[in-house]
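Could you have a look at this structure, given as structure tokens, before my questions?
Which chain is which? They are A, B, C and D, in the order written, and residues in each are numbered from 1.
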């Protein structure tokens, strides 16, 4: 808290901005559960967690309730905590046809900024195609980066016998498809693959897909010296998994610092 | 702070939601001190402290002011910082008869989600029955987990000669009943028993009850690799004890890291 | 941030509460700069900093703008982040006559709680009498406690050659009175005396007064295994000194952990 | 979160204050993107990050959208999280002629406080003149101070092969002028010069200018035992660079503590 709250109630600015949108978009964005609004809300939350500092990280949500072929994607290179619902790209699966681009929004709102979809887009799409995910989160969490540095020669992060593991889904391959069969148990070993970073984010696509294929039980992939990708059946599941994993990474760093083993055979 | 405050004032959403409730519930939830509202408020606070990340932790409050037999319990497996007052289970002591379930709430509000009471319920009930507590808090605080890891072979956490200890109640067994006789003094030794975790939360009940019986002076029990249970005469006392204990656990970790003894004989 | 802001605007509760006060008090508390309101505001801030967790810490403000003989004191044993302006004790110097007590406030507001002035009161009074302070802050800051543990055999905390030192006042004794002659310079050595804790807070009075007398240059006193007292010419100066000192204590702990000397002879 | 939000909506105070300003200023400050308002907003954000605790740090913004010769400068020695838009100094380049001073504002608003422009002013001006920056941020970030202490004998901070580096601009000298040619790549080495602190902030000007000249690729300069200066083409770029650099400094400290090399030759 930095002083008595500084919010601008009934902020005229906001109202003006909205009135420049088409009536259809104005109405859509009235709904605080609209995927475009949820991206804004979660980006602010992630920013406060130091997960998307600068312009890092990204998030994409499928409209699972109405039309799962519709995918909302945050733009690249903007301050994540300040994006507005009309700044999202809207693409349609399976062809990734762009249905709406923030570059089509009235210039008064966007100040003629030339938007590009998040560089993570091919990675988000991989999670949608290979896992039928409902949302995918990418952060630069320092816990994610540090764990890949502390275990610099390992290709996996593993931890067991911590209660929080029970928040992570138990996934199994059935008839060629990965399905959720419950949640991990306390004594289960959580395994998250670690892939090596590449100079360009899109070049991670192949190794991310390999990891997803090789680890049918995983709902996240760590990227060394970079961050983490986490997905889930819905945006809220993705949020919960991401939180639980970051909690476990934070704890694992403390355990490693104190020479406590991450996996026990209790 | 992630940007100028993003609150939605007079949020139409909220009003709509409320109007779907019965007039009686609508009126009850007007009172910000209603136990169901206090659970919501405290869960948001605990979330910001990283105590109930993911869907971890839980809280239960007895309506000590009006009818101490009424117990409000947060549901299991939901995001704690987002629960609403109508998502609570209301049960009546001593039979734990369910008087109201969120599964009876209009489906428009709950999106047909099938609620279960917190898995901590038998543990909360143990605190009510054995100690006549007014509220019980369960968190996955990393300080709680770390202290049980740093003292992996100990069955107790102990600390003395820290001012904050004076926030903890001094309890004594009188005529077979544990009563509060004041607060711990600066030179007193705070003792919190540590029990071993079990795969299923309800299976902790026996060992929690044993610890409560064996340590009549305790107002909290640590669960190894899991978290902590804290209770108090009222919800506010439980909150204060939980805060003070977490402060002491955080400090104890720092002291241990610096090879400073937790108990002195000054 | 735990979710879209949950504030209650035009909260009917608040208005009701106010209407139970006398018209005079209602009017006084309209002013957000009233000392009683400033105590509330700063306690919330300190709570968010983990300085007054549980019910720890305290604060007192003199009404320097209107009548410097009027002293507002937060009550003892209550949750500091939730106190209301009418819960303060108002006493008059030099006799410390109680002009107003929260115990005289309508019982509907106080729920018949029996208030006591902060146990720090004699310590606050010492700062007023010996230093003519305008406000005095007492916290249980973990940085303060840790520094007294890391330097367990020292009677002083000292640091030099850190820019933030320039926020601390330079005090000198002139004609038997301590006066501010400017601010410390970058190369000056900040010295804060450390006194030993006592079981009862009021028993710290003698050693606090001794420290204040022996260290005419100090604007703060550390209490081992307990916390810190910081005062200033006005409430804002006290806040700034307290913040700058806590910053320096936090930095000093990190320096000590990395074997970097706190005082250099550059 | 310290309790249900305590904001004062439609705060009469704020309105009164504004009404004492000239109609022209009242209108200017209606715009939340006015440089004077942005300084207030960012100072609150920086305060919450512990970057401008006490009265430390500073910020200056040029009005790049309207008249790049107009420079807004925060005042010296005030609580950064509480400054108001009318407390800024407004000067005109290149002569630094003072167009407006908070000392000319109605005394009811300023309580007759005698304002001075930030002691960083000559350093801000150096960034404007040598680099044509649009804004300059100065903080006392503990990460900045600690890195200069951990590498006490080094004149540079360097780090490579961390994804977040890609948020930093790639600058090159062309025809005697430093221009942005893109962003650093993942494998690039970020280099930030470290200059030695001086007793008086303005005496840093020469060495800051030397560093800026010697390191045409830098967008920031660390000041040993003091903090950091970061600039950018616009206020938002400066904010993003500052955040990304602080993230990297925080990570670098953790890496150093764990004996992980900051620069790799992968």
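Here is the rule we use: contacts are C-beta pairs under 8 Å (C-beta built on N, C-alpha and C of every residue); 3 or more make two chains touch, one makes a residue touch a chain.
Labels paired with UniProt names: A, B, C, D = Methylthioribulose-1-phosphate dehydratase.
The shown structure was predicted, so the numbers you read here are calculated from the model rather than taken from an experiment.
Trainee: Counting only C-alpha atoms to place each centre, which chain is farthest from chain A?
Mentor: Relative to chain A, the chain with the farthest C-alpha centre is C.
Trainee: I want to confirm something about chain A and chain B. Since they are copies of the same sequence, is their interface symmetric in residue numbering (over half shared, so same) or not (under half, so different)?
Mentor: different
Trainee: In whole angstrom, how far does the Cα centroid of chain B sit from the Cα centroid of chain D?
Mentor: So the centre of chain B lies 42 Å away from the centre of chain D.
Trainee: Report, in whole Å, the distance between the mean C-alpha point of chain B and the mean C-alpha point of chain C.
Mentor: Comparing mean C-alpha positions, chain C is 30 Å from chain B.
Trainee: Could you list the positions in chain A whose residues touch two or more of the other chains?
Mentor: In chain A, 1-2, 4-9, 11, 32, 41, 44-45, 48 touch at least two other chains.
Trainee: Write out the stretch or stretches of chain C touching chain B in their complex.
Mentor: 1-9, 11-13, 50, 53-56, 79, 140, 142, 145-146, 149-150, 152, 197-199, 223, 225-227, 257
Trainee: Can you list the chain D residues touching chain A in their complex?
Mentor: Per the touch definition, chain D meets chain A at residues 2, 5-11, 30, 32, 41, 44-45, 47-48, 81-82, 161-164, 167, 185-187, 236, 239-241, 243-244, 246-247, 250-251, 254-255, 258, 260.
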